[in-house]
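Same chain, two partners: chain A is paired with chain B first, then with chain C.
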Partner chain A sequence: MARIDLDLAHSYLSDPKQDSDYALLPLQMSFVDGGAYALLGPSGCGKTTLLNIISGLVRPSQGAVRFDGADMTARSPQERNIAQVFQFPVVYDTMTVADNLAFPLRNRGVAPDRIKTRVGRIAEMLELSGQLNQRAAHLAADAKQKISLGRGLVREDVSAVLFDEPLTVIDPHLKWQLRRKLKEIHHELKLTLIYVTHDQVEALTFADQVVVMTRGQAVQIGTAAELFERPRHRFVGHFIGSPGMNFIPARWREGAIEVAGHRLPIAPALAERLSAAGEFMLGIRPEYVTQTEAGASGALPVEVSQVQDIGTYWLLAARAGETVLRARLNLASAAPDVGATVWLKVLGPHSCFYGGDQQLIAAGVEPEQPGASA
Partner chain B sequence: MQLTLAGVAKRVGAAMHLYPLDFALQSRAVTVLLGATQAGKTTLMRLMAGLDAPSQGRVLVDGHDVTGWPVRERNVAMVYQQFINYPSMRVFDNIASPLKLRGGLDRAAIDRRVRELAAKLHIDPFLDRLPAELSGGQQQRVALARALAKEAPLMLLDEPLVNLDYKLREELREELSALFASGDSTVVYATTEPTEALLLGGYTAVLDAGELLQYGPTAEVFHRPRSIRVARAFSDPPINLLAGHAVASEIQLTDGARLTVSLPTDAIPADATEAGVTAGIRAGALRVHSQPGDVALAGRVELAEISGSDTFVHVAATVGPLVAQLTGVHDFQLGAPITLYADPARIYVFDSRGALLIAPDFPGAR
Partner chain C sequence: MKPINQKAWWLVLPVFICVAFSAVLPLMTVVNYSVQDIISPDRRVFVGTEWFAAVMRDEELHSALWRQLTFSLAVLAVEIPLGIALALSMPARGWQASAALVLVALSLLIPWNVVGTIWQIYGRADIGLLGAALAWLGVDYSYTGDATDAWITVLVMDVWHWTPLVALLCYAGLRSIPDAYYQAARIDGASRFAVFRYIQLPKMRGVLMIAVLLRFMDSFMIYTEPFVLTGGGPGNATTFLSQYLTQKAVGQFDLGPAAAFSLIYFLIILLLCFILYNWMQRVGTADPEGASHE
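Up next is the complex of A and B:
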């Protein structure tokens, strides 16, 4: 196992001129030994390019890949000692499950008794013990994919195990069980695992650290809670969560935040940063927008455009000036009527503020309590 | 358009793909066909479209028997999972093709209509490109625009968003809902995802293993599932089901724990003590902070799945496996002890045959 340090950029063009010519914009990133990481982003964000650079299938056009400090940039995947699991099962149909699992170990000349112990342990973890002597040919797709996962995890001496959307072929009802298995295995084996996916559930459930990517850029690395509570970039706020974070244009004016023509005075803590920014975006997740009485501090009047019963909550869409705001409201409370004006609280500990470069400039705000100042 | 299926069934060889069903679809509204893969959704849609003929029963359009009419004689638009377009035609001509086929429109009118639809679906910058030059999401938008151009009174969509990333799915679903809301067409939309049915609203038909189990306004079917099968098919994460016996106004679970539910005596069949009942608790009705009167269920954390907006906590509880849906992102250690709480007023009760006895109140019922 190894610590992996990246300091690189990559373009598939020979003479890149602008940002859009890069599959990966310059990035510095470290994967610590024994960590569970996910690379998350929509198709075309650069996550697969990044995975291929780590494995050695793609050589970065600039910069270096280091394993425990040693420059591996020019080394092949074999020399890097990387195990990989792909979207679709890669198994030898004519071999038994046991032989499939043993294959990577036999290839490296591991002693037979050692192979037996390790294969037994991996099979037990993946609940394949009962099928060890069966041929792989007639197994269902998800059993085959478990074998692929087992082959990726069977070697103890790998630098890292890379997964490329490994649960694609798994039946939705079985997915959570395999997610759990992968987490347990990570806790037990302490391997460095790097997992590529476009699916937020997969990434947020599996990884200790999630790298969110868009347009060749890693915009935030953090835990699931950090990405949810404090997106450092607007893309993260948008991409994590369904629906994603609300963004409302706002500006600083005479000691208050002005949103959709409405003045929201705040306690002085953030005044300096917001007044320096001038114009910015107010970000608030639908889960944190609450309905309040008219004129409440930190609240905006909005016009309700849609109310949906989503089984466990009301999903409200409402217009604040030009912006549509979404809120998840308690199903136990009465739903507002479409067309009605209601007050939604948008300022509080969960509010985030973003500058023109999409980056977080401030977060968490105390609305000024009526009568507190002046 | 009023589409009615009367005693329709589909047999292929010895296998029943669809058991006899009577189904009068809500006119000029969205009907969601909800069910797992193999539930019979596609079979049912093909019968509605006229792509297949039923083995028995009749298909009625506005009261007229159209059973056996081929698809080209019916005015139906279809959209499939795969992005199907004419590969050698520009996006413009793809969208224009049903308009040209129909005839009666001059070039200027066709041009106007194509641009209007393309603008609605955000593909207007790509009208001169070939489908293969577009992303998956854009290709599916072209297929949707072509289906809408047809202005057919019946529009059938078979899991149209399943092959797209979830953010694209979210965006396109919203746009589609807005387009359907015009009420010009009767829309049938097949999906495997309960949440998608709730987001689309309208009416939902729950299918399971070739049977139509329940049809009604979406929120009502969700909140008042007629049976355990419907509740199972219409919940994600799965509804928690606990076997027990009715004892006075309580349910005694098989492990000895008691759920105090206010069971109206007239709702309980005589054999409930002997034959047993099943308590159903939706994942969203379980919480980690207790409130007065709550039922407590103890166990250990198996996994916390994080969906982005919610955390699904899988728990090995003494009463059996449970899943709780908590708003927001929460951290749980695997194997950690946990107690889940439920408000007795939010517990469903089913009889020994799986039929609904008691359902919690729901907003639309008030």
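Up next is the complex of A and C:
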């Protein structure tokens, strides 16, 4: 087990010229020993590349990978003592389940009786005990993926276990079960786990710390709550949450902000920063948009364009000027009619402000007008 | 209930006619010959299984069959491992891969009688590169005079001609293995041999099966190349089954025994292919012994 420090950039091209030539833009990151991490982002954002760099399958074109301070950049996966589980199940077809699980140990010359106990333990954890003597080739996809997981977990002295979207091929109900299993295993074995996924639910439930990535860049590292409440980058707001954060163009005008042609007074603590920014984006999660009476403070009049019953809430889409605003409204309240004008409160403790893609104001500042508590 | 539409038969008809004319009718003709004695174009006698009995007792045929079996097994024993080795050493990507593919496929493009001619000249002690080189080295080599030399020359020629087919099939099999397998093997700390034994070989099983069957059938029916190279000699050293059969049917006009033997020949190939196929199906897929008892 080890602390992993990254300070690197990577391009698959031999002569990268611009940012888009890089699979990973320069980044610095640390993974603490025994932590559970998730790398979250859409396809092609560089998360698998990052994982392969940590495991040693890919050598970064610039920078270094350190394990407990020792430079591992040029070392092989075996020397790094890393375990990795891939998106699609990799099993050795001609071997039995038990031999598959034992393979990483045998290759390292572990004593036979030690192998037997480890394989038995892992098989029990993953509920494979009944199939140990079967040939792996005949198993279903989810059982095969359990074998892959088992091979990743069978060594107890690994520096870290890396998962590359390991539950893609698994049925939804088993997904929950396996994810819970992984969490249990994490608590039990105290291994460093790094988990790549494009599924926010998977990332947020699995990991203590989530790294959100887009276009070769790690835009925010934080807990589930931090990512939800205070996205530091518009991509995070947009990517996390369902639906993602609303972004409404706004600008500073004569002591207040103007949103969709409507003036909203603002707390003085924010006024300076926002007046300096001039034009910016107001971000608010659909969960925090509430319906109010006409003319309420921090609220906008909007025209309802769509109302959907999602089962546990109304999903409202409404036009505020040029922007479509989404809100999750309580099912207990009556659904507004399509075409009607309603007032939605967009300014509150959960509002965020963005200049370009970056958050303008650090977390925790109350953005409402004077008089509201901070 | 579904409506029954008999019109579909018309769609099958062309294929049916093609197969009938290309396979079924010629085969039935052979069956016809095998049970009759054709004395002249308009005189024939039904002889039952007499030709079959005669062919079974034919000593010359027994030795030809034995020669043929030995040759085919030798072909498999050399070409399959060599083809795998060649495929493993071929570059996987880039222009080198294309160049290697073209180079390897070259011998497959040469007509069979030309292959025979090439080797006939190649092996000559006076003007052939191989023959002259061996003579210069002091090796007493003559494919026309020495039975072993002739047999080996035919084998080497076949290896030269057809190993590329095995290599190309294996190469295709190798390229279809997802990268994740190699990555997983690196993570698991597998040796180069373990990667071959547990990943590449099992994943090549399908194409290897095709390669083994093709090479077995083709080599078992080999005719043109030895015919051009050695004419079956010296003596009968390289007279394989096809050539023996042709001699009987065309040379001596013994249509009856030749037809009877053709059918036996066909059944032998079918049987051996069946055995090979089933054996290769079982290898590597059956549950390990003892598993069912636990």
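Here, the second predicted complex is superposed on the first by the 355 of 374 C-alpha atoms of A that agree within 3 Å, B and C clash if a C-alpha of one lies under 4 Å from a C-alpha of the other, contacts with A are read in each partner's own complex, and residues count from 1 in each chain.
By our rule, a contact is a pair of C-beta atoms (placed from the backbone, for glycine too) under 8 Å apart; a residue touches a chain by one contact, two chains touch by 3 or more.
What you see is a predicted model, and the numbers here were worked out from it, not measured in a lab.
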(request) In the superposition on chain A, see if there is space for chain B and chain C together, and answer fit or clash. (result) fit
(message) Looking at A:M95 after the superposition, I want to know if it touches chain B, chain C, both of them or none. Which is it: first, second, both, neither?
(response) second
(request) For A:F31, decide between first (touching chain B), second (touching chain C), both and neither. (result) neither
(request) Could you say whether A:F235 touches chain B, chain C, both of them, or neither, answering first, second, both or neither? (result) neither
(message) If we overlay the two complexes on their shared chain A, which of chain B and chain C does A:F353 touch? Say first, second, both or neither.
(response) neither
(message) How many degrees, to the nearest 10, separate the directions from chain A's C-alpha centre towards those of chain B and chain C?
(response) 70
(message) Going by the contact rule set out at the top, does A:F67 touch chain B (first), chain C (second), both, or neither?
(response) neither
(request) Could you look at A:W252 and tell me whether it touches chain B, chain C, both or neither (first, second, both, neither)? (result) neither
(message) With both complexes overlaid on chain A, does A:Y195 touch chain B (first), chain C (second), both or neither?
(response) neither
(request) Look at the residues of chain A and decide whether chain B or chain C touches more of them. (result) B
(message) How many Å separate the nearest C-alpha atoms of chain B and chain C in the overlaid structures?
(response) 5
(request) Quick one: which bits of chain A touch chain C in the complex? Just the residue numbers, please. (result) 52, 55, 57, 76-78, 82-84, 86-88, 90, 92-96, 103-104, 107-108, 133-135, 137-138, 148, 151-152
(request) Provide the residue numbers of chain B that touch chain A in the complex, in ascending order. (result) 135-136, 165-168, 170, 192, 194-195, 198-199, 201, 219, 222-223, 282, 284-285, 302-309, 312, 314, 325, 327-331, 334, 362-364
(message) Going by the contact rule set out above, which residues of chain C touch chain A in the complex?
(response) 178, 180-181, 183-184, 186-191, 194, 198-199, 202-203, 284-288, 290-291, 294
(request) In the complex, go through chain A and note every residue touching chain B. (result) 42-44, 172, 176, 179-180, 183-184, 187, 198-201, 204-205, 223-225, 227-229, 238-244, 285-287, 308-315, 328, 331, 334-335
